[in-house]
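Both of the next two complexes hold chain A, though its partner changes from chain B to chain C.
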Partner chain A sequence: MGDGTASETRGGASRGSWARLDRVWLALPAVVLTALFFIVPIMFMGRISLSVHESGSAYREGTWTLDSYTTLLTDGFYLRIFGYTLGVSLLVTVLGLALAYPLAYWINRCGPRLKVILLFAVIVPLWTNILVLIYGWLIILSPGGALNDGLMSLGLIDEPLRVVYNTFGVVIGIVQITLPYSILIMAAVLAGIDRSLVESARDMGASRLKAFLHVTLPLSAPGIASAATVIFVWAMGEYASPQLLGSSAGKFVSQEISSQFLTAFNWPRGAGLAVTLFSLIVVVLVVAQSVARVMARRNVA
Partner chain B sequence: MTDVSVQPMKDSVAPPGGGATTPDLEVQGLSKHFGPVVAVDSIDFSVASGEFVSILGPSGCGKTTTLRMVAGLEEVTAGRIFIRGSDVTHLPPEKRNTAMVFQSYALFPHMNVHDNVAFGLKMRGVSKAEIDDRVATAMRRVRLEGYEKRKPSQLSGGQRQRVAVARAIVVEPAILLLDEALTNLDRRLRQQLQLELKELQVDLGITSLFVTHDQEEALTMSDRIIVMDEGLIAQDAEPSEVYDRPASAFVAGFIGESNRLDGSVAAGSGETCTVRTESGLDLMGIHSGDVGQQCAVMIRPRAITLHADRPTKDNVIEGVVKLWAYKGESYEYVINLPDGGDLLVDLPRREAVFERGDRVFAAFDARDVIVVERA
Partner chain C sequence: MNPRWSLPSLSYRVLGLIAVIFLLSPLVIVVWLSFGSSPYMAKPSLDFSLRWYEEIFTASRWTGPFQHSLIIAAGSSVLSLLLATPAALGLAKAQGRRATGLNFGVMVPFFMPGLILAVGLLMFASRIGLSGTFPGVMIAHSLWGTPIAYLAIRAVYAGTDTAAEEAARVLGAGPLRTFFLVTLPSILPGVAAGALFAFVISFNEFMMSLFLTAPRTVTLPVVIWTSLRYEVSPAVAAIASVFIGISVIAVIIGLRLVGTRGLLQLTAVDAAKR
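And now, the complex of A and B:
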């Protein structure tokens, strides 16, 4: 929202420095809010992660050490947690996009009235608490749940399917939670693509599939990128799904952060985990963005 | 301009395939319904090879829907479409060998100009060397050499329009379809591109169907004009005939400015007839209608002259100058008639020396009085 206020005040040359001043003042609330709620807490976290842990209290103030980072980056226990979180998040991102894109594409092709109804249906889960959604999945998927009961009474399976309390359950949970966001993002981008572009491609001799591949898909790439970012970032920081739908063998970073802060009472290590997770997300996003840019350039050339 | 003029074929209903005279486009009983709305109501027309035909009409008359059905972008409710003799009514757009220039140009924003123009050839599986060759030729034709690497967003409206034309002609379509292709340009550029497009069309001998709501554009560019109104063809004729001998009051009112007076045929003898208008004027016109028939009289503002003294002409109406306006090439006068109605008169420069309130005589020949049936 901050860049919106900043770009709208493009003053004429005659107003010169006044216009610039206006722009600074208009951007100020956004800058203050961002600093107060995002940058300052992260800096606190960073500072704590560099402190010495002391049993009996959270951390010793005023001390400096890299201990928590050396532990995190050398201990296989923590590396496995990071690897699992990253792996599941990438899987969830791919599956989420694969589900959301066709849905968004289909919703966008519906008539105006049906489109409103469908988008409404997409939004409804957002009004529900995430824990309620997850317990809903437990009712359906757990060994004595609706799915297994149904399949067993139909005689299709003899033993309950193991679809929760493992990675499968975690994936289902995060995909479900992020699906509305990615559908909304991609439906908006698809709706912004001029219909006559596709018609023009068809008229120029492209089949339905080729018109999609050469026109719709490249033009919806920004939506795919945004949706992928939202899903991935959400998944990397997810807590409830692995906690309730996963197993103790597959731990997410946020679960470990929670246990370091609340159970082990090791604030420097918890903070170190948080900062490392944050950095890992940034690195993955930067790499993904540069790969996308190179691919786009190669496409154009 | 009319060196490619072809006889109108409005009455041809015979199935195509008649040898050398097969038109490039033939439309039979074509209809389109959107729910209860009849957008196009069983129309027939054809476009001969090399002909430039305009579909002209107000918005909502069904002209764009007709064009889109020819392109295959709109399902046909009833009727048949033949392109070069083969039935394409139910073929998808990519199998029709038409090429359309959209009102919005519909250039692919993520491709540069070269790739936009090459798109149709690429889809047709043409080799890369030939694509480059033909794209270069098309770019020369529309005078855009050197712009190949630009993105559409880096071009002006006129340049985008040329790219859209290049993209369409490069595939050498059976029919070039133009949907309000010049509407989004400013007036001066539009007039320039009208001539360029017409020249290109004649040079290439490319069969064209042009949809427009701009009567001046249609008159300038077309070999033939199909005037549409409420899903029906109101007239299908050469531009001069549409202008001079409009088939209905609608056509006369839509093409060019005219004064309209309603009345009925009072007397008729041979070529000429006398129309008594509702306000009691007797006007002489050319028509062979039945006496008593309801009709409308249309007079072009240019056909009327103004005089201080009563002249000897077929038709003379006395009135008072209500107001006048300088229009550059001419003066426009509004003459207040005794019955309270107004008469629009367009006089060449300097011929006009009347002021507001002057009593004048408006005169015009019988051959300039267009008498059309009134529904």
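And now, the complex of A and C:
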């Protein structure tokens, strides 16, 4: 997209290079916001996670201990929470991609009028408060709700299905919340694929399905990868869906962080959990970035 | 045989339609329920009533937080623009390590879950006296508003020609004059879209608000949260429908500002690339 302008800029760099050199620093105020209200709090959190917990006052200042981390690594309770969070996140990612891809593909193949309608259907939920979406699913999935009612009146089931306040409900919630992002990301990548490649495959006798499997799908891999990253990272940090649609038997890391801070008042342990979650997310983002780089290089070659 | 109706092309449409139905069904059911008269969180019925709308627009437990939400969203949107516009102008056409680093610095909070930001700010804000205040929440929301506004403005500015700016500079206009007379008019759709995105993000955000607001600054999503957890009244359905209505209006404005292609790219491609 921006390649044309980039090379123009490079060509004209000799004219006002001192001005262009200074220009990047216009970003400084925004970076200061990040530094002050994101980096500093994270470091603060890291420091608190290494303090001694003191009942009654959240943490004792000036103390050093690795207690909160050794607890996280040795206590089965916390390992199970991390395992559950990662497992559900993985499931949500797979389901989300499978639901998103056909719609993203359709958005790219349909006429302009239908495209506006489909985009509308995707962006309105994206810009709707996630609690509103979860509330909608509560009404649909609850034991006396719309889904069970409908299925029972059709005579398909005799008693209500348990489709909420369990892992199923959590999965539905997170898929709903992340679906618009993955659709938009994949639609944008699909839009950049050269249609003539697909057509030449068809000309050479490949069936529609074959052309899709051997040309379109591999070329859309970067979109699938970044959509997967966005879904997975979102799911790992999700709080509202497990809290409202899940059960107390399946806890997410975020829920545990929040209860350590707000009800147990064990700030070192809450901070330790938050730092661990933060580090996991950074690892996923870094891995995704390097995968994307490798894929980009392969597509160029 | 018409290729439109061949099996493969039919199948992605059917699957796509399933995704659309999945995406929209909670919204449809909420709006439907909000016009009913039943006092329980139940299945929608066929009777029509506006009693829940009457309640949310008159009872102070809803109108107060609604005002707080608007104040915070407006403030955070302005703050985001003030930070994002220079950043976008500085980095849109820049290359090299420093630009990459600064870009990363602007974007990174965007990828963090609300809870991580919220917990960090909770411990920090209480130390510097921002806890429970309007500026505190505005700043917190700008952590997401600034990157999204930055993406919008950067995308528009990257597509403009620098020749007019350079001509203005050569003819002796200062940087500020050049900005207000030449650059700003050309990036206005991006700035407007950025303001809209930042407003929508702040208006909907609830995790940071949950941790950082006090009763006199509490926002509407936090009230919904409390209500969903403790006593679900169909008034929530009416509030929820207001949120859906605002989202619909915002998408229409967004389409007007940057068009289908622009909206598709702004909401997706840049966020994914970084």
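Couple of notes before you dig in:
In this section, the second predicted complex is superposed on the first by the 253 of 301 C-alpha atoms of A that agree within 3 Å, B and C clash if a C-alpha of one lies under 4 Å from a C-alpha of the other, contacts with A are read in each partner's own complex, and residues count from 1 in each chain.
Note that in this section contacts are C-beta pairs under 8 Å (C-beta built on N, C-alpha and C of every residue); 3 or more make two chains touch, one makes a residue touch a chain.
Worth saying up front: this structure is predicted, and the values here are computed from it rather than measured.
Per the definitions stated earlier, placing chain B and chain C onto a shared chain A by superposition produces no clash, and the two fit side by side.
Touch criterion met: A:D203 reaches chain B, while chain C stays clear of it. Here the apex is the CA centre of chain A, and the angle it makes with the centres of chain B and chain C after alignment on chain A is 80°, in steps of 10. After overlaying the two complexes on the shared chain, residue contacts for A:L73 are found with neither chain B nor chain C. Contacts of A:L219 after superposition on the shared chain: chain B is touched, whereas chain C is not. Contact with neither chain B nor chain C is seen for A:V283 once the two complexes are overlaid on the shared chain. By the touch criterion stated above, A:A264 is placed in contact with neither chain B nor chain C. Of the two partner chains, chain B is the only one touched by A:D194; chain C is not. Of the two partner chains placed by the overlay, neither chain B nor chain C lies in contact with A:V291.
Touching more residues of chain A than its counterpart among chain B and chain C is C. After superposing the two complexes on chain A, the closest approach between C-alpha atoms of chain B and chain C comes to 8 Å.
Common to the chain B and chain C interfaces on chain A are residues 208. Interface of chain C with chain A (complex): residues 3, 6, 8-9, 11-13, 15-16, 18-20, 22-30, 33, 41-44, 82-84, 86-87, 89-91, 93-95, 98-99, 102-103, 105-106, 108-109, 111-117, 119-124, 139-140, 142-143, 146, 150, 158-159, 161-162, 166, 169, 200, 203-204, 206-207, 221, 224-225, 228-229, 232, 236-237, 240, 243-244, 247-248, 250-251, 254-255, 260, 263-265, 267-269, 271-273.
Chain B makes touch with chain A in their complex at residues 71-73, 92-94, 96, 98-100, 102, 104, 106, 108-112, 119-120, 123-124, 167, 171, 177. Residue ranges on chain A touching chain B, taken from their complex, read 194, 196-197, 199-208, 210, 214-215, 218-219, 300. Those residues of chain A whose C-beta lies close enough to touch chain C in the complex are 1-2, 5-6, 8-10, 12, 15-16, 19-20, 23-31, 33-35, 37-38, 40-42, 44-45, 48, 99-100, 102-103, 105-107, 109, 112, 115-116, 118-140, 142, 144-146, 149, 175-176, 179-181, 183-185, 187-189, 191, 208-209, 212, 223, 226-227, 229-230, 233-234, 236-240, 243-244, 254, 257-258, 261, 267, 270-271, 274, 277-278, 281, 285.
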